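What follows is a short report on a single structure.
To keep things simple, chains are lettered A, B, C and D as they appear, and every chain counts its residues starting from 1.
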Amino acid sequence: MPHVVVAGGDCIRFTGGATSFDVEADTVRRLIGALDERYPGLGEYIDKRMAISIDGEIFQDPGHVPLTPETEIYLIPKIGGG
Amino acid sequence: MKQHVTATVNGDPVEFLSDPGMTLLDALRDELGLTGSKEGCGSGDCGACSVVVDGRLVCSCLMLAAEAEGHRIETIEGMAEGSVLHPLQRKFIEHAALQCGFCTPGLLVAAKALLDSNPDPSETEVRYWLAGNLCRCTGYDKVIRAVMDAGAEMRQARVA
Amino acid sequence: MTDVLDRPEAGDTLRVVGTRPARPDGVDKVTGRATYGADFTMAGQLVGKILRSPHAHARIVSIDTRKARALPGVKAIVIGTDFPDQASEELAGGEGASNIRDIALNCLARDKVLYQGHAVAAVAATSSSIADAALALIDVKYEVLPHVTDVEAAMAPDAPLLDETRFTTGLETKPDKPSNIASRMQLKRGDLADGFASADVIVEGRYITPAVHQGYIEPHACVASFGADGQCQVWASSQGQFMIRAYCAKILNIEASDIRVTPAEIGGGFGGKTTVYIEPVALALSKQAGAPVKIVMTRDEVFRATGPTSGAVIEVKLGAKSDGTIVAADVVLKYQAGAFPGSPVGAGAMTALACYNIPNFLITGYDVVNNTPKVAAYRAPGAPISAFGVESAVDELAEKLGMDPIALRLKNAVHDGDKAAYGPTFKNIGYVETLEAIANHPHYKAPLGPNQGRGLAVGFWFNVGGESTAAVNIVEDGSAVVISGNPDIGGSRASMAMMAAEVLGLPVEHVRPIVADTASIGFSMLTGGSRTTFATGMAVTQAAQKVVEDLKRRAAEIWDVAVDKVEWVNGSAVCLDAAKAKPDLTLAAIAGQSAKTGGPIGATIALNAQGAGPGFGVHLCDVEVDPETGHVSVVRYTAAQDVGKAIHPSYVEGQVQGGAVQGIGWALNEEYVFDGKGAMENPGFLDYRMPVASDLPMIDAVLVEVANPRHPFGAKGVGEVPIVPPLAAVGNAVSRAIGVRMHDLPLSPPRVRAAIDAG
Amino acid sequence: MSQLDYLAPASAEDAAKALAAGGDTARPLSGGTDLLVQLRAGRLKPGLIVDLKKIPGAIGIREEAGGFVIGAATSGAALGEHAPLVRAWPGVVEATNLIGSTQIQGRASMAGNICNASPAADSVPALVAARATCVVVGPTGRRTVPVEEIPVGPGRTSLAPGEFVLEIRLPPRGFHAADAYLRSIPRTEMDIAVVGVAVNLTLGVDGVITDARIALGAVGPTVIVAREAAAVLVGTRAEDDVLARLDEAARAVCRPISDKRGTAEFRTKITGVLARRVATIAYARAKERI
């Protein structure tokens, strides 16, 4: 089951403080859906505010990226730049 | 009351009407359509509006348009001879001495005034002469190199 | 002097990429012909001007515009309530996500003004002097409120509140009182207490950086035209025409496709032109007036009302073993957001320890609103601030341990496969190579003179990719046009043309790059985040590759051979079919008969680029301090950076040099100074004091090339990293020169002299 | 909208008349590098600008009775190019040439620097140390005024309505004498002085200082003439211990404020430092002339 770690942002507003979860999902879109089901509102928050690091690579909008049980996922604040 | 002003800009006679508070920079940009001179501050602190008046480098934002009456003004638009670039213009491109390019006209006009009066300046002389021309992109490194290189080329051309 | 440390790459046969051709827009820019924001004029245009708040914090009781409207020549007046109501909504468009209601309120205040300089009303008139007179006739009644500019004062429980309905987010328990602390964020790893318990040496410090401005030389400028048919045109200088379109559409409730934004040449941005200030106002004025409206900010307005970056307090505690292994780090970041939430504290936190492998750390960041202009992105937003604290502390640690600063950093350096402090695992990074480039540079071993000190600091930035569209069209004579949607701030036209030329096999002079308006090319995120050469370059490369595939197909058709028997070599189709020995077909030859092979030749690629490799910089700075006046001179500066692959090395060096010098300015003299009433005291270049040419030595840029395998030519973003290390590099140099650790920026003569006197 | 008129009279008398008629809202224009900034920032809303540059003698330097007469609108750059003036009064010229950039030097004048009445004006301490005077023209005629009597406070002058400075006069440069000026600024150029110090020395043939005059800028509302500090130098060869006493004496008369450009404490300390350094330069210059 892919493992998700929250690293920053205000996700804990939705999770009641939890920062790490295992989620059954095979794409990022499904994973966000599953998280939103577990913590209502978190899905939209992730969509708008968080970037997702999948096995070390940061994706700003990775809905379609396939996941495997070994995938390591970090939710980090979206990054802009100057 | 508007003043009628006649002057010479880049060798050509010009005339325009000036509001008394109008600066030479306003006149160049808005009355004469010469928008190569830029306004970065309006207070003489950035040099983007540099022009040469009767051989003297000045900030056109710090001169009333009415004061131009009867004077000779040179702007960036007059720097190239037809389609042949001045060596400084060529060297700026060659050395990548511009990034956004907004300060470039002022820097070129100021650098030309330097080389016209001092054909062989030291790096320190170039840096102090150009201290009134702010550039936020380049860190000045390539600007200074371009000016020094243009000076060297112009000296060479004079010898040859 | 500049060295390029080339890493051997198999099959390195690049013809164009890596060379230094003249930039395609060079002649326009050295002759004064290039058209910047304020250079554009429309027939019948009016002059727009903005009335700004004299107070740092006040309730707007009333705005009476009747006298101003009655003035002959006044054609329109708008105030905040003339914009449609906005819900609080995050909108992607500029820098990450931004709250559209805050952006609208920043363009024109409604109930409250939140900083001195906050826009309150705008007029359009037939002349500049009439517009000025009209502004003076607008009667605004204010109820002045207590204000707060300092970040820690704003965090205090009894501080004047900018918004009584704001509660701190990011806390474990929901707070019961409103606060100026918009949010708190934390990053952690391991166990901090255990970490410090195992440390042999601990250093601790509190650092302060002032708010500083991006300092682009071109003030914001635009011309807007709102047609009677609802069709809008905006001509503006910004880092993204699509950003302007998106924000104007939302703020004015217009369909985005009804707004066509044409990018003017941009006179510097550095992140500060990634949002709107005047464009929606100009459109609203134009709608009311029925004529185009031009607004050009003064320098005073730029300083008072556009984005500085945060002033901040940074607290750093580091614990290390006596061999230099850092075992614990506790970092607290308090960043000013200005009038609305959104300081770059998140990025500051994520980058703070990104160069280090530390088993136990806690990084806590606070985003704090206060009565100063809403901060805007500034080159690696947030990172230079946290790096100043961390790199100063690491330098102090090196001194305490008696260790060489590079050796200490190498000991704790992140490598490929290490997990970054902000989560992900590093791949293809060139940090160690960059440290080694400085260690092996003659500068590192050069002797120092009296009163001189040498400082080293490192820096990190993520670099981003994102959405870009690019088109490559082949012209009938065999030349090519490259169309992209990214304003060219620092020479990106050159890199786009070079990458296309490389793929097409054309001389770069035959490739004409164009930056198109919002109606002429597909969406592209703005020029920022060090993304353009990477992401838009990827789109250009792929479009050129698609064109080459098409050219090969056409050649195959002309020759009547299988497509796999055609190879594209140096701009010509080469027939590999031995049975049909055909003379090569040049691009021009194929283009000349395009009608017979399927019509015009061209390709458009729209993509969301992934795989922007993070960048690392290592800067080395020598200063000389006048011990009597406290004046600091930077006497030598070397900046090394992993750039992946330099497409046009001169412009990459330019990024490194320019970023370093902006950082030097931040370190030495730049700062926002506020008076007791919260008014900025130095809103001009005279007293804001950016570096001038005579302040600086040459900046030696060392390009380290550790290729990014995710980019067709190996490029990584380069624009932002170079502003991250200089604050601490300069600070560490000064600290070592005078023997006193400097904690507060800027290192202006009074501060340095006071430190020397205090010993 | 306020109306603004521009005149460029051809005589000093016409200029004085025009300025007097214009009243409070009339302003003389020489180089314009302060006036235009104030105009633009809206700090000043004049009704009439009287350009002095068409007045004969307003631009140019002439030698007269062993001294120099400098037209009010003469640019800093022109001063720097005038070899006899540079030789005689290097401190005055270097002070004036520190005002702003090369571009500013192309326009800025000493008269403007004096009449703008900034406590931090660079040329004023040097002119005061040099005992320069101004020829002031007004509706009632001409008068000659020591430079230090023109500014009376930040932004305020002793000039009566209609009066303007037409010329600046530098006295004859005596033998074995020289002046010097240094200022402290955060950058290397383009800043306003945080402290400025001018020293004007005359030596005997034996190298002993026989006359000294020191003027301090930016450490009081107007330039401070540091008489006690000057007295420390007289009768000495500016030896190290003398310089240490000079440092102390210069600091003692400072009355600075703290503002965005520097704290009072810093300004006072730097005044002592600069006094030592400037005295050393002026002494070396004067000694070369023995």
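The rule is short, and it goes like this: contacts are C-beta pairs under 8 Å (C-beta built on N, C-alpha and C of every residue); 3 or more make two chains touch, one makes a residue touch a chain.
Here the structure is a predicted model, which is why all the values come from computation and not from measurement.
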Chain pair, most C-beta pairs within the contact cut-off: B-C
Inter-chain centre distance, chain C versus chain D - centres from mean C-alpha coordinates, in Å: 44
Computed distance of Cα centres, chain D from chain A, in Å: 67
Averaged-CA centre spacing for the pair chain C and chain A, given as whole angstrom: 26
Distance between chain centroids, defined by C-alpha means - chain A, chain B (Å): 54
Contacts with 2+ other chains: residues of chain B: 19, 21, 42-43, 45, 128, 130-133
Sites on chain A at which at least two other chains make contact: none
Set of chain C residues in contact with two or more other chains: 129, 214, 269-270, 685-686, 691-692, 694-695
Touch relationships between chains, expressed as pairs: A-C, B-C, B-D, C-D
Residues of chain B defined as touching chain D within the complex: 1, 3, 19-21, 23, 42-45, 47, 50, 53, 56-59, 61-64, 66-67, 69, 110, 113-114, 128-133
Chain C-facing residues of chain B, complex: 19, 21, 29, 34-43, 45-46, 48, 75-77, 79-80, 85, 89, 92-96, 98-105, 108, 124, 126-128, 130-145
Of all residues in chain C, those that touch chain A in their complex: 90, 92, 94-97, 169-170, 172, 183, 185-187, 214, 269-272, 274, 346-347, 349-350, 377-381, 422-427, 461-466, 528-531, 608, 610-612, 717, 719-720
Chain D - residues contacting chain B, complex: 3-6, 8, 29, 32-33, 36-37, 39-41, 49, 51, 53, 75, 77, 100-104, 106-107, 188-190
Interface residues, chain A side, partner chain C - complex: 5, 7-10, 12-13, 17, 48-49, 53, 55-62, 72, 74, 76-82
